[in-house]
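Look at the two complexes coming up: chain A is in both, with chain B in one and chain C in the other.
Right after this comes the complex of A and B.
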């Protein structure tokens, strides 16, 4: 059924008197070209959700768990597409709904359409992409949120994200992009480079320091970029597609210039961007090998190249970072690493249960809705507290800031898995874990 | 489209009651997203079902004040929990205020001495049970929507639990609850008095009056639930049959076995088996002779379940049923059933995959009537499938219906696919008429047109007076007495009749 037909039909069949004083619900709107393309692209995907309406995604959605507002559920993100198609809702009407998402992907793996027959029909309910596409429309139409606007303007100016604050003169520019590596004597360029994301480079510098020193200890050769910009991923997540592509272009050109063949992503968000967005942006031109640090470190330990000798006297549980577990299916390697650390008591929670866990740190949520991020993290720490652990271990530096804040309240320390590995390898990490 | 005009003053007063930003929603997106439930929906008439205002309360006191305000202005009020029901209970028929109770999702008290848990109505059962696990207890209300339905909605629909034969259904598992009446009073209803008492002879048994109220008698704001010891052992077995008749007889043998640990007995009819084999190549291919499936589950202590399992195996095979092994049983047929409502299983008349919406027509009928009811249902379904290329017969299944009494009446469900994307007014009316015919068959055979979803939507609602017979008058009297202004979920179950007579 074409949309045009739908519009004509609705237009000739006016409904009863207008209800609320606030808005006119009865008159369907015509869609502009951009919206038309959007609803056409996502029609089938949205229909799969709208028509079945299982809603199994809701209780795993970290945002829904907190706001308990049906507009913030994945089902609403798809129903809105149908409502737009029918001319009931405009981009403006639904703009705020799509701010409420961390892009964790929990809804997608829990969706019965994905879970039950997805493999057979090669069908997967795409919700993250819908959110991103909608946010891109918000940017196009100037409906983007104020916080995101400022964040991405500053990112564009600084060439890295303003993770140390959007106000004042924080040491958060290109001049400081390699400050974290002070004294580590890491070369520039080479076959393999370690890509250090903004949060790690400026905020939790212990993570890149631990990573670099582990690789050095294992004799694994790597370098840093000539001029490292933000990966561009967060811009893409918030809808600033052109900016995201420009940053990606810069980074790819920088790699090409140094003859780089392999990129180590030390952070799950970067890993998603390098394995999903970059190939989408550049097609076959993107022929780099992308390595996730967790996989690499697990391999180095397994092969005996990295010796973990120092006992770590902690009782820990592991936080499955959403982008590793729900988005990329990486959940075994971190557990393997934790089990190889001497002295550690590891109380595991399975990865499927963790589909409903999150830190709230992704998808730009902490920039626009810091209170929701904080509550998601508080609940995550509450789960950890029930296990009577002293440490929550994550493998995502972006999760570690909100989790640490919640951990301070809960009396539980938050560590990065690589920091623990480095300590167990007898490395003096240096750097800092918070601003 | 609602004909109610909501004044700004109402919105201001609601804001004052809720006292929180973002708790009174009047924007279009909030309202369009609370117009429907997962059941097939007349998408072409979406705007007729949207509320004027959505409120997200946190306390019973707030709910009470909202309802009192609604009475003052004669504005309809529709409670909404998960919005996962299959009978439109939460769909606003006349606009008004949707009271969305999802924020009332706290666990208020876990009483391990008296085996109760007291919760807000906005909590989900799976979420609740995750919190209860460490205590060795479970709240065993287990619908197909276990992962998304909320306690308030379960009470509103008087839902069925798949473990009902063993642990009871929602009506048995909810010990007592707090409800805001249609005039805004906050009352506690149980078996008698006492929030944690399971049996009483004092007064009327008001709990069951309000159980399954479908939003027409108030809004549940708190519930005290049964805590059952977690089963030490579970057992499930699937038996395959060459014909429906033998499976049907085996179903009764197991249901009447007297095993106290029996969680339920289930069966698929030949049409359901055909449907579940649609993508057989993705799973373990079953022999052609399989025409019906019967399965049973047991829950209890190890010592009971071990012995009971032997009995189930004996009965399941006694008439020629073939047990197909743990792996195939658990991994295949159970998984097949989990795909029951998948839009990708819809087929048009040429066998082409089309995304279809799931419609599930349920009824409770005496065991003796099941084969005849199913025969008639499939006949009706075929007529509609042939006439309109938007329907698809997805087969039927049956399930033991009575709480703790699995040996008699049966929940029968026929699943239909409906190509919502292609629906116009003519085919929507055809769907309503299909529903009505199916419901009438259940009534004609001494059954009830709904065992678990409720008779709240077009096609069923018109038949409520027929099914209720002479007691329909009592129902109307109660409704009128408790809800003098007909503000609670008007337009449902033909209850508007209660007011027409008064004004006539």
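Right after this comes the complex of A and C.
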């Protein structure tokens, strides 16, 4: 690799302006230090994909299904690394391509290099990490997208994501971070705390309210953080790694100060960040147990600590949130919960079929490409319509905003699974399901 | 097919894979029925990656679920291999 570039040092590298419109495959280009480190780090993963070329990832990719653009396929994200390594592409050439990803992980789990032999070789396809690394490089080089730049600047100022809008003075700051809990009498700190992510804390406040009241009804003790900032996950997904780490540092210090031992993640993205990013940031220092709320609620119902007595007269299907199903293998507990709700007619679609489903709500896609997110959600509701259901149930608050918008058009209501559990437990939830 | 592993509960101490047991000259085993190429044989062309327990379990569970889905979609009948040792190919004499 390095020899190749030494040979190519005399080649004239095009400017960003010319490279953005024309890719000159005939003139290999010299890589800068940052790009060199990037291609060296991801060489093996990219080669594993490029040399196999099965492309099973294409049709599970929710973005590719919509755009049908080969540049937006997971395969392309790896092939670009090879092309950069060979001096045929620059970061500028492909910067916008890497925006086209929800980081759902469908491509990774469907890739035979993961699915069939990932455990045998102890090496799997890591497309999400490649996308994140590329986005981090875009930030380093000042090539980050305008929408993400604004979003993360505001997040840094507010300490929470600007989920109520990036313009004007939305009530979306630290002063309002616990407003959702009004009247619920939840203590601060303790062994176990419930982490309420930004979308739930400010936008769909019915979800944290339902969650808190379910736990209270089951006699499960928990508290809230002293000073809860954004988990930092979205910043990491969009390439703002330093900001992500700073937010993570704050939250870990806050937990430590309160003597916290266990974190309840009520939202799938947070569960991914706490169990993948935080351990990567802090190593063995990160010694907290992390519990995903769906797992916990299924246990409370199973053990008889939470009684579901009120019939719910709905015909529902379940949307497997990507970060639960594809990224984390959590698909049995939500089905167990739905089957325990009296009165509910549940029309299931298996988890493998749903590897190709998504809401389009993750990875910063709705900020930069809202039209693609909307189309992904429209198609998801179309699938639900074929089952003749009146309700689509999700377990991810970030998915529920675009799905709800699509559901309005399709005549199907979108509910969070915890909202249904609370209703069946006879709880008056309060809060709101949309801004 | 996820078995008893709780994917929704992340305990730090459980994430370090257990010590490997040797199965053959080329294969080791860290989890029951999960075979792994001897790490000493990796690295020349492709390195092993850092992989926490949950991720290995996730991949194995996904594979079984995928195979079940494929069988349900395409197979008239699913024939399971025996649990005993592979008898190898039959000889021409056995055919006679």
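Basically, the second predicted complex is superposed on the first by the 411 of 435 C-alpha atoms of A that agree within 3 Å, B and C clash if a C-alpha of one lies under 4 Å from a C-alpha of the other, contacts with A are read in each partner's own complex, and residues count from 1 in each chain.
Basically, a residue touches a chain if its C-beta (ideal position, glycine included) is under 8 Å from a C-beta of that chain, and two chains touch if they have at least 3 such contacts.
Keep in mind the model is a prediction, meaning the values are calculated, not measured.
Using the contact criterion defined above for the overlaid structures, shared-chain residue A:94 touches chain B, although it does not reach chain C.
Number of chain A residues touched is higher for B, counting chain B against chain C.
When both complexes are overlaid on chain A, the residue A:295 reaches chain C alone and has no touch with chain B. In the superposition on chain A, A:44 makes contact with both chain B and chain C.
Looking at the shared chain after the overlay, A:375 reaches neither chain B nor chain C.
When both complexes are overlaid on chain A, the residue A:423 reaches neither chain B nor chain C. In the superposed model, A:69 lies in contact with chain B only, and not with chain C. Using the contact criterion defined above for the overlaid structures, shared-chain residue A:116 touches chain B and also reaches chain C. Applying the stated contact rule after C-alpha superposition, one finds that A:287 touches chain C and leaves chain B untouched.
Counting contacts as defined above, chain A residues 44, 48, 116, 119-121, 123, 353 meet chain B in one complex and chain C in the other. On the chain A side of its complex with chain C, the touching residues are 44, 48, 109, 114-116, 118-124, 126, 271, 274-275, 279, 284, 286-292, 294-296, 298, 328-333, 350-353.
Chain contact summary for the complex, chain A toward chain B: residues 1, 9-10, 15-23, 25-26, 44, 47-48, 50-56, 58-59, 68-71, 76, 79-80, 82-83, 86, 88-89, 93-94, 96-97, 110, 112-113, 116-117, 119-121, 123, 353, 386. By the touch criterion given at the top, residues 1-8, 22, 25-34, 36-39, 43-44, 46-48, 50, 52-53, 56, 82-84, 95, 100, 102-103, 105, 122, 124, 126-127, 130, 134, 145, 147-148, 279, 282, 335, 338-339, 341-345, 353, 355-358, 420-422 of chain B touch chain A in their complex. Only residues 2, 6-12, 15, 34-37, 39, 42, 46-49, 51-52, 54-63, 65-66, 68-69 of chain C touch chain A when the two sit together in their complex.
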